[in-house]
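One chain, chain A, appears in both complexes that follow, with chain B as partner in the first and chain C in the second.
== the complex of A and B ==
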């Protein structure tokens, strides 16, 4: 029974105009960034490597599709969550606003089936958004810049990855990014179960993410203590995939923590939804 | 099939919203084949009761059995044979009527097919607008679509909460005719909540009146009406002579007032024919007899008494 329910939820999601805002925004943003990099990218790369140029000589096509895609993926934590909450925040609250809970929940399906199918559909949307990001950033990057070695500049290190060694890292990085965004989806979905208007979950989710990111960015003792408990601390752990060697243990730990968040958030949402009196 | 088979059996149903008792120890029975009127003033607890019957909210106490099955434990199997409209008919506005019904049909897990969907839309007069988005529909059209979704899977029990709200008089009549048709021709059992009392009076065979969540009275519509006096306005030619005759007859005590063309009597329903006969036998031409007291007056009286 879940499969048709998920299909229905996806149909409903993709019949709404707001669903395409995310795809249009990402597509547009990537084109703008890559066009800007076409004209100004070399300057930016020179600026990024200014301190290293005294000690190293750089050869080859360093301003390439991999580098641009890597930089774009870094924007993920702040920008894409907003696009996800537009849809995920509406999944349950939207039914309450429209009054359609009444026709939906008087059908011979359990509430768990309803909430589970909506959750899966929301995550499929999230996954599709991240896949779209990967396709457009790598695709347009390849067309405009071609591919080459990837230069990853850290605080106190520089890693240059061979062209043949990069693509698999991107595939895993996008998979990891999808997992991180799934936590955002789960959070928006949770807020969506509490209210009867989709604006609330969008604002609440973005507020949580912004507050967590700020706490993570401010380097004082009390925030350092809290940081390991904030999911935003792990959303950008895909960067670990571009280290050499890759710290698998840290990545697995981040995956487990993010999965834990998803399970807990969905569990609470399911309990709330199951007990909810439908008064809308 | 037992003709007295209970389709809905509610016992001591109670639902509180914080301090407010929305439904208070309510018990009722709906028999197979009934058009069961569910009456009460605004805020009486009608919609809350219907939401309880459809598991949209959970009871604080009491039990509900539908088709002789416990609602909580056998919810899915019960809802397969229940169609319902609850208050305003709300749909996915960005989808067409056909698509809305198709989705609801798939959720119900039934393989009905496009033909049945179109047939149902035909019944409610929406087949020509099947592909229009619901957001382009008027309130009346949405109400009809609400009825269509309730009938789509051919349920045994149809629960209708204010089904004629927002409809024009013609639309209201069509719904009443549809209810009668479904009950008599299709053997459906209908639970009809309404504040339009004449609607219940015209289509229901049994009814319950509730107020402040409590049952006030339950029974056959006709018995309940007969239990109450009616005010009957009788229009007759030569009214002065007719009044004289009445003043000297057994009807004298029942004559309340007289104006230029009519006399007003306070009598019971089954006495109307005798009064008419008496006047006609005494060579008076009765041009109209209008009962001015109906279920509405009875309803007002009984709900006021209960306050």
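== the complex of A and C ==
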């Protein structure tokens, strides 16, 4: 029963032109970044590895598709949530704005099925956006730069990963990124259940993300205490997949916390929607 | 009074004679002769190609072990081929004594010592002129084979590095390194945050590690092919990033 509902919701999502803004934006952004890296990337890489070059000679191609894709994935926390909220914030509030809530709920389906199908459709959109990001960044990266060893420059270490040891990390990293973005989707979906206009959920979700990121970035004691409770703190935990050895315990912890956020946010949304007095 | 003066003269004469005898029998070695012997011994090797296995041990640097093929041609041409990305220590990569002794220098013989059971003589080299990056180099030379067993060199701005060599005889006549242990100090990376996209202070309490650390690189050489008359154009390719010795 839920499958046709999800299909209907996906049809509704992909019929709106705004849905494609995210795909176009990501595609354009990736092309711009990769082109810029083609001209300036080597300089940046030389600058980052300048200390190492005093002692070592480098042989091989470090400026490659893997490095560019890694850098693009780093931008996930700030840019892609906005693209997700454009759709997720509209999932419930859009029905209220269009005045289609009552028609929708006269169908022989429960309210839970309605909210669940919308939630699934929103997450499918989120997943497709992350898959698209992976395809274009790795695909264009491969065409423009080819693949090679991946250099990961952390705060106090440099890791060079064998090219044969990288692709699986990217697959898991994109899966993890999709999970992180699902939290954003769930948050926007939750805000969407509270209001009757899609603008509110978009602004509210982005505000939460921006505030959380700023709190995470400012290094003072009180914020350090709060930080573990902010989901934004775990969205970039996919970076742990590019360490050697991979800290599995930390990744599992981050996955559990993010899943917890999704479950709680959806649970609250489902309760709100079930008890909602539909007047429009 | 006369007896006393005579005693003093005799004492002086004995002292002078003793000094002369000591001077005659002491083992003062000429460092230039030692170094020239090393240079000459190395000139029998016109060129070679060798497989290199690279193992890097630096605290903040995690690099998988790698392989490369190294080509060398006198006096100091180097070409490196690697299917994968490879990091190789800039200094001593060609382990050519000619590269070390290329410029004008003053050599001082320091004495003899033993390294890994091999008797070596220690020679210090101070470059003459201000153009050289080298401040001071110390060589431990096995005089029986005219081989450099160890090099300690202070350079600006990279600091001091040490290279220890283990040699094997190839084709029953060429003493070439089978293992090179390169030890050096290297500064931790200071990383700009922009490119890495470091949005959050990941662990505020953890103090950023700073300062130089000791690094070790182990190069294992195998499958030497010596004096095969490598063509010059092999070394004429585009310069590999960061290696000034690449194509001289």
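Following the convention adopted for this analysis, the second predicted complex is superposed on the first by the 280 of 280 C-alpha atoms of A that agree within 3 Å, B and C clash if a C-alpha of one lies under 4 Å from a C-alpha of the other, contacts with A are read in each partner's own complex, and residues count from 1 in each chain.
The rule we apply is simple: a contact is a pair of C-beta atoms (placed from the backbone, for glycine too) under 8 Å apart; a residue touches a chain by one contact, two chains touch by 3 or more.
Just so you know, these numbers come straight off a predicted model, no measurement behind them.
Chemist: Of the partners chain B and chain C, which touch A:16 in the superposed model: first, second, both, neither?
Modeler: So A:16 only meets chain B here.
Chemist: Looking at the overlay, what does A:5 touch: chain B (first), chain C (second), both, or neither?
Modeler: After superposing on A, A:5 lies in contact with chain B but is clear of chain C.
Chemist: On chain A, which partner touches more residues: chain B or chain C?
Modeler: C
Chemist: Have a look at where A:108 lands relative to chain B and chain C in the superposition and call it first, second, both or neither.
Modeler: first
Chemist: Taking the superposition on A as described, I'd like to know which of chain B and chain C A:47 touches: first, second, both or neither.
Modeler: A:47 contacts chain C only, not chain B.
Chemist: I'd like to know which partner A:99 touches here: chain B for first, chain C for second, both or neither.
Modeler: After superposition on chain A, A:99 lies in contact with chain B alone.
Chemist: State whether A:154 touches chain B only (first), chain C only (second), both chains, or neither.
Modeler: second
Chemist: What residues of chain A sit close enough to touch chain C in their complex?
Modeler: Answer in residue numbers: 44, 46-49, 51-62, 71, 74-75, 77-78, 148-149, 153-163, 165, 213, 216-220, 223-224, 227, 232-233, 236, 244.
Chemist: Residues of chain B touching chain A in their complex?
Modeler: Checking each residue of chain B against chain A gives 51, 54-58, 75-80, 82, 84, 86-88, 90-95, 103-104, 106-109, 149.
Chemist: Could you pull out which chain A residues touch chain B in their complex?
Modeler: 1, 4-5, 8, 11-12, 15-16, 98-110, 275, 277-279
Chemist: Over in the complex, which chain C residues touch chain A? Could you list them?
Modeler: 60-64, 68, 80-82, 84-91, 93, 157-158, 161, 184, 186-192, 195-202, 204-205, 208-209, 215, 240-243, 246
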